[in-house]
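Next come two complexes built around chain A: one with chain B, the other with chain C.
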Partner chain A sequence: MKKSAFKKIEPYIWMLPSIILMVTMIAVPVFTVFKLSVSDISRSGVVKGFSGLENFQSIFASAKFWHTLQNTLVWTVVVVGMSTLLGFIIAMVLNQNFACRKIVRAIVVFPWATSLIIQSIVWKYIITADFGSLNVILKKLGIISRNINWTPNAAAYFAWECWIGIFVTIPFVTFCVLSGLQSIDDTYYEAADIDGASFWQKLYRITLPLLRPNLTVSTVLNIIYVFNSFPIIWTITKGDPADKTHTLATYLYKLAFTNGRMGQAAAVSVVGFVILCFCAGIYMILSLRAEKEEQ
Partner chain B sequence: MKKSRKGLIKKIALYLFVLVLCAVILYPYFVMFTTAAKTREEMYALNMTILPKDWKWSNFVDVWSQAPILRYFLNSVIVAGGATCIAILCGVPAAYAMSRMQFKGKGFFLGAVIMSQMFAPVVLLMGIYRLMLDLNLTNNLLGLILLNAAFNQAFAIWLLRGTFLSISPEMEQAAKIDGCGSVGSLTRVLLPMAAPGIVTTLIFVFINAWNEYTMALTLISTDTLKPITVGINVFNGFNMIQWQYMFATSLFATAPVIILFLCIEKHLVAGLTSGGVKG
Partner chain C sequence: MKKILAMTLAVSMVLGLTACGGSGSSSSTETTAAATEAATEAATEAAAETETEAAAEATGDKVPLNVIISQYGNNTQEWWDGVFVPGFAEAHPEVDLTVEIVSWNDLYTVVANRITNNDAPDILNIDTFADYVADDLLMPAEDYTSDELKAKIIPSFWNANELDGTVWALPILASVRSLFYNKDILEAAGVENPPTTWDEVKDACAKIKAYNPDITPWSLDVSSDEGQAAFGYYTWNNGGGFVDESGNWALNSDANVESLNFIKEMVDAGYCFADPMNATRYPQQDAFNAGSLAMMIGPCNMISADSDVNYGVAPMPTNGGNSPVAFGVCDRLMAFKDDSAPDQDARTAAISAFFDYFYDQEVYSEYMVYEGFLPVTSDSSEYLPENAEKFNKCEANGGTPGENDYFATWCGMLADCDFYPASRAEWIDVKQGVIDAEQQVLEGADAKEVLDALQEDIAG
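Up next is the complex of A and B:
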C-alpha cells in the first residue's frame, strides 16, 4: 500500500529539481512582466500602483511602436524564410558526394558556434565605409573604384542586419535538413528514376514530404529565436538612426534600460508573447490537421 | 558521351557552389584573423590592404595585458561550467521520468517545457532583473549560472529524453528484477549507455551559456565580473575602437567553442530532430 503511494508521486520527485529551477527563473519573471505591464512605475523603478491598460494605450499611440512591429515581422519572415531556403539548398548540395565533404561540413558549422555578439562586431567592421574590409576587398578586386557607403540610411542598416541574421541561422537549418536527407532510403529515388521522374518531381514527391519533421523543428525554433533576437541589432545600430531599425526585443530593452519606462517595456513584452502564442496556436492547428490527413 | 559531358558540368557547378559557400562563410573569420594581426597605424591608414603589411603577431600576446581578458574568460568558464552542471543535474532526472514513467500531467509537462522556449531572456529582462534584485543576485555570477541553467533546461530535457527514448528499457527492467531501484537502474544501466547523448547535451549547454550576451549585459556592472561576451567591448572605447585587440580576443573566444561544436554536431542534430518527432 505504502509502496503504491510512493509509485504515484515518484515521477514528480524526479522532476522536482527541474520544475523548481524553471518556475523560479522563468515562470516568476513571466508573471512579473505581466504585472509590470499593468502597473504605474516611476523612472527609478518603484511600482506606484495599478494603472490598467495605460501602458498599452501609450505604446499603441506611439508611431515608433508600429514601425517596430512592422520591422519585427519583416525581420522574422525574411530571416527565417531566406535562411530556410538557403539552408535547404546547401544541405542538398552537401548531401552529394564530393572531395573534402567533411571539411566543408565542418566549415558550415562555424557561424552556428560563434557568439552572435562576435559575429555582429565583425560584420560591423566589414561594412564600415572608410576602412571596412568589404570596400578594401572590392577595390583590390577592381570591382569598385571608390569607397561605397554601405549604410546610407536606416533601411540599408536594417538590410545588413537581416543578412547577418540569415548568415548565422543557415547552419541550423542545413544540419536539420541534412540529418533528414541522410535517413532517406536511396531505393525511393531509384524507383523514381526507373519511372522517369524529374528532379523537381523527386523533390516534391519524395524529399519534401519525408523532410517535413526536420523542417518543422528548424522553422518553429527559428521563428522563436529570430523573433526574440537581440544582439545583432543592438550591436550594429542599437535601433538607431531615429529608432528606425528596432525590433520588439531591442525596442523594449531601450524603453526599459535606457529610457526608464519599465511599464511600457513590459507592455511591449506582453505584445510579443501574444504574437508568439498566436503563431504557436496556428502551428498546433496546422500540425494537428496534417496528422489527421495522414491517418 | 553526351551524358558524361553533362556529368562534368554538374560536377564543376557543384565545386563552384561549394567554393563560393566556403569563401562567404569563412570571410568574417578571415577578416578577424588578418585584422587582429595589423598594427594600429595600419588599421586607420588611407591605403588599406587586405593582408597586414607586416604581421604583428605580438597583438595576440599583448591583448592579454591590455585589459583583464583573462578575468573575463575565467568568468565565462565559471558561468558556462556552473550552468552546465546545474542544467544536467536537474535535466537528467526530469528526462528520465518523462521517458520511462507514466504519470498524470506528463503531456502538460512536456508542453510546458516546449512553451518555456518561447520566453527568451530578452523579453523577460524586466522580470529577471527584479527577481535578481529580490534574491540579491544582480552583479553576481551565481545569478547568471542559475539563469543560464534554467533557460537551457528545455533543450537539455529535450535532448536527454530523445537519447533515453532511443535506448530500449529492457536492460533497466532486468536490473530492476535483480533488485536495482530506480536510482540504481538510472545510474548503473541507463546513464553509461546514454553517455554520447549526455556529452552532447553538456557541450551544447556549455556553448549556449558561453555565448550568452543579453542577461550578462543587463545584470553585470562590475568590470571584473563580466564574461567575455560583454567584456570584449572594453576595446570599444569612446573615441577609438581597437579593432585589432577586439578581433584577437574574438578569435580566442571562438576557437574553443567551434572545436567543441564540431565534436557534437552529428549527435546534436539527430537529437534535436528526433526529440521533437517522438511525441
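Up next is the complex of A and C:
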C-alpha cells in the first residue's frame, strides 16, 4: 500500500525542482506583467494604482495594434512555414551520401550559431540601398548601373525581415529533421523498394509519418520563438516606417521604452501570451491524443 | 483531467520559452518584470544599506551621490572616470560620488526601471523632465543651485527649463545645427553659393545630380532616431513649427503641411538617400565627411577629425521669405527627490557641490572641448573662444587641442536658436507623432490629413 502511494507521488517529487524553478524565475515575473497590465503607470514609471481594463481598451482601440497583430501572424506563419519546408528539403539532401557532407552540415549550422543581432546588422548592410554591399557587388559585376532601392516601402522591408527570419530558422529545422531521418531504419525503404514504391510514396508513407514527432517539436518551438522574436525587426527597421513593420514583441518594446506607456506594453504582452498559450494548448492536446491512440 | 494536464503543460512550456526564448529582448516586458523583481530585492537591500549609511553618516561618513550621465561619445566614460570623479573626490571628500554612464539607447529603459523600483538616481542627465515633474519626483532647481551658478547660466537656457513657474532642471550642454556644404562639389556642379531658399536647394540638388549621379545632393533623416529634428528644420524655416505664437500646439498649420510636402518632393526627386526613414544622421554624417554627400543640416561637431572635406557652413535655407532659424539642442541635468535620505540637508549640499564643481569654468570648459559641444554658461561662452586650445578633444574627435574659432563661431549662434518645446508634458507624444507623420507622408499619405489627425490627438 505504502509502495503504491509512493509510486503515485514519485513523479511529482522528480518534477518538484523544475516546478520551484519555474515558479520563482518565470511565473512570478509573468504574474507581475499581468499586474502591470491592469495598472495605471505614469510615463516616468511610477505605478499609480489599479486601472482595470483601461490599458487593454486603449490598445484594442488602436489601429496600429491590429496592424501589428496581423503582421505578427503573417511573420509567424511565413517564417515557420517556409523554414520548415526549406529545412526539411535541406535535411533530405544532407541525409544523402556525398563528398564533403560533414563540411556542408557545418556550414548549415552557421546562421543558427551566430547571434541574431549580428546577422540582422549584416543583412541590414547587405540590403541598404545607398551603402549596401548587394548593390556594390551587382554594380561591380556590371549587372546594374545605378543603386536599386531594395526596400522602397514598408511591405518590402517586412518581406526582407521575413526572409532573414527564415534564413536564421532553417538550420534548427534542418537538424531536427536530420536527427529524425537518421533514426529511420533503412529496412523500411528497402522493403518499399522491393514493393516498387516511388520516391513520393516513400516520402508520404514512410518518411513523413516517422518524422512527425520531430516536425511537431520543431514547429511548436519555432512558433513560440518566432512569435516572440525581437532582434531582427528591431535591428532592421525598429517597426518603421510609420509603425508598419512591427510585431507584438517590438511594438510592446516601443510602447514601453520609447513612448513611455508601460501599462499598455504589459497589456500587449498579455495578449501575446494568451495567443501562445492557445497555440501550445492545441499542440499539447493533439500530442496527448496521439499518444492515447498509439497505446 | 488530461485536458487540464495538457493545458498546464502548455502554459508551462509557453512560460518557459517566452522567458528564455530567442533573444535578450524577445519578451521585453517579461524581462523587465524579471528585472523589476530582481531590482526590488536590490532596492530593499539598498534601502537597508542606506539606513546603515545613515547611521554611518551621523558619525561623519560620506554622503552617497548617484549620478547617471548620458553617453555623448565613445570617450564620455573616460572623462568622467578619469577627470571629473577624481577631481570632485579631492575637492569634496565628504561626498561618495558614483557616476554611471548610460547610452542614449538604454537611458529611458534604465531610468524607468529604476524609478519603478524606487531607486531613482540623485542626479540624472536626460533631455526631458515634464513627466518627472508630473509625478512629483524632481527637486526645484532653486533648491540646489547656488546664486553664483544661477548668475552664470545663460538666462534663455535657465528659463527653458521652467514649467508652471518653477525651474526644474539645469542645461548641461548645447549644440547648434546649421547647413554644412561641400565647397568643392558645389563649385564643380556650378552652384555658386550655398542655397538660401528651398527653391535654391532644389536647383542646387538638380545641378549636383547632373554633375555626378553618384553624389547624394541633400541629407534627410526622418527615422525614429531623430525625425523630429527634420520636422523642426523645415517647419521653423517656413514660418511654422511645433507651437504657435501663444505657445499652443499648432502641428497642422499650413506652413507645416507645406514643409512635409517639401520633404516628400525632395525624396521623390531622388535628391536624398533612398531610405530616409531608416538612414539615421550618423551614416549621413559619415557620407558628408567622406565627400559623397554634398549638403547636410547637421550639428556643430559633425565634422570628423580625419575628414579632408573642404566644407562651409551657411544659415538654414528658408521658404516664403522667412528669416533663417538656427536649430538648437539642449540636454539637461536634474536632481531627484529622495525622501528616504537620512539627512536631507547633507544630500542637498552634496547635489549643490556637484553642480558647482561641474560648472566651474575650467572643469566645464574642458568637458565642452572634450565632447565638442557648446557651453550654456556665460563665463565658459566667453572663455572658450579665446582659450579652447588649452584643452584637448576626446580621442574619438582626434585628441587634438580645441579650436578657438569653433567656439567663437558657434557660441555666437546659440543666442538666436529655437529649441524643441521639450518642457511640455505632451512632448514625447508630439515627438513620436511628427516622426510618424513624416513617415506616413513619405509612404504616400496626405500631409494635411496626417497632421490634422496628430493635432487632434495631441491638442484634442
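Operating definition for what follows: the second predicted complex is superposed on the first by the 261 of 295 C-alpha atoms of A that agree within 3 Å, B and C clash if a C-alpha of one lies under 4 Å from a C-alpha of the other, contacts with A are read in each partner's own complex, and residues count from 1 in each chain.
Quick note on the criterion: a contact is a pair of C-beta atoms (placed from the backbone, for glycine too) under 8 Å apart; a residue touches a chain by one contact, two chains touch by 3 or more.
Everything quoted here is computed from the prediction, not taken from an experiment.
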> Once the shared chain is lined up, is A:F273 touching chain B (first), chain C (second), both, or neither of them?
Replying inline: both
>> A:F230 in the overlay: touching chain B, chain C, both, or neither? Say first, second, both or neither.
In response: both
> Looking at the overlay, what does A:S42 touch: chain B (first), chain C (second), both, or neither?
Replying inline: second
> First (chain B), second (chain C), both or neither: which does A:I166 touch?
Replying inline: neither
>> Quick one: is A:N259 in contact with chain B, with chain C, with both, or with neither? Answer first, second, both or neither.
In response: second
> Looking at the overlay, what does A:N149 touch: chain B (first), chain C (second), both, or neither?
Replying inline: second
>> A:G281 in the overlay: touching chain B, chain C, both, or neither? Say first, second, both or neither.
In response: second
> Should A:D243 be classified as contacting the first partner (chain B), the second (chain C), both, or neither?
Replying inline: second
>> If we overlay the two complexes on their shared chain A, which of chain B and chain C does A:V33 touch? Say first, second, both or neither.
In response: both
>> Does any part of chain A touch chain B in one structure and chain C in the other, and if so which residues?
In response: 22, 25-26, 28-30, 32-33, 36, 116-117, 131, 221, 224-225, 228, 230-231, 249, 252-253, 256-257, 262, 265-266, 269, 272-273, 276-277, 280
> Which chain C residues qualify as touching chain A in the complex?
Replying inline: 2-3, 5-7, 9-19, 21-34, 36-37, 108-109, 111-116, 131-132, 134-135, 137, 213, 216, 223-224, 273-275, 277-279, 283, 287, 428-429, 432, 436, 439-440, 442-443
> Once bound in the complex, which stretches of chain A touch chain B?
Replying inline: 8, 10-12, 14-15, 17-22, 24-26, 28-33, 36, 90, 93, 96, 98, 100, 104-119, 121-123, 125-126, 131, 133, 136-137, 140, 175-176, 178-180, 213-214, 216-217, 221, 224-225, 228, 230-231, 248-249, 252-253, 256-257, 262, 265-266, 269, 272-273, 276-277, 280
> Which positions of chain B touch chain A when the two form their complex?
Replying inline: 11, 14-15, 17-18, 21-22, 25-29, 31-32, 35, 43-45, 48-50, 86, 89-91, 93-94, 96-98, 101, 103, 106, 109, 112-113, 115-120, 122-128, 130-131, 146-147, 149-151, 153-154, 157, 182, 207, 210-211, 213-214, 218, 229, 232, 243, 246-247, 250, 253-254, 257-258, 260-262, 265, 268-270, 272-273, 276-277
> For chain A, which residues count as touching chain C in their complex?
Replying inline: 22, 25-30, 32-33, 36, 41-47, 116-117, 128-131, 146-147, 149, 151-154, 157, 220-221, 224-226, 228-231, 234, 236-244, 249, 252-253, 256-260, 262, 265-266, 268-269, 272-273, 276-277, 280-281, 283-285, 287-288, 292
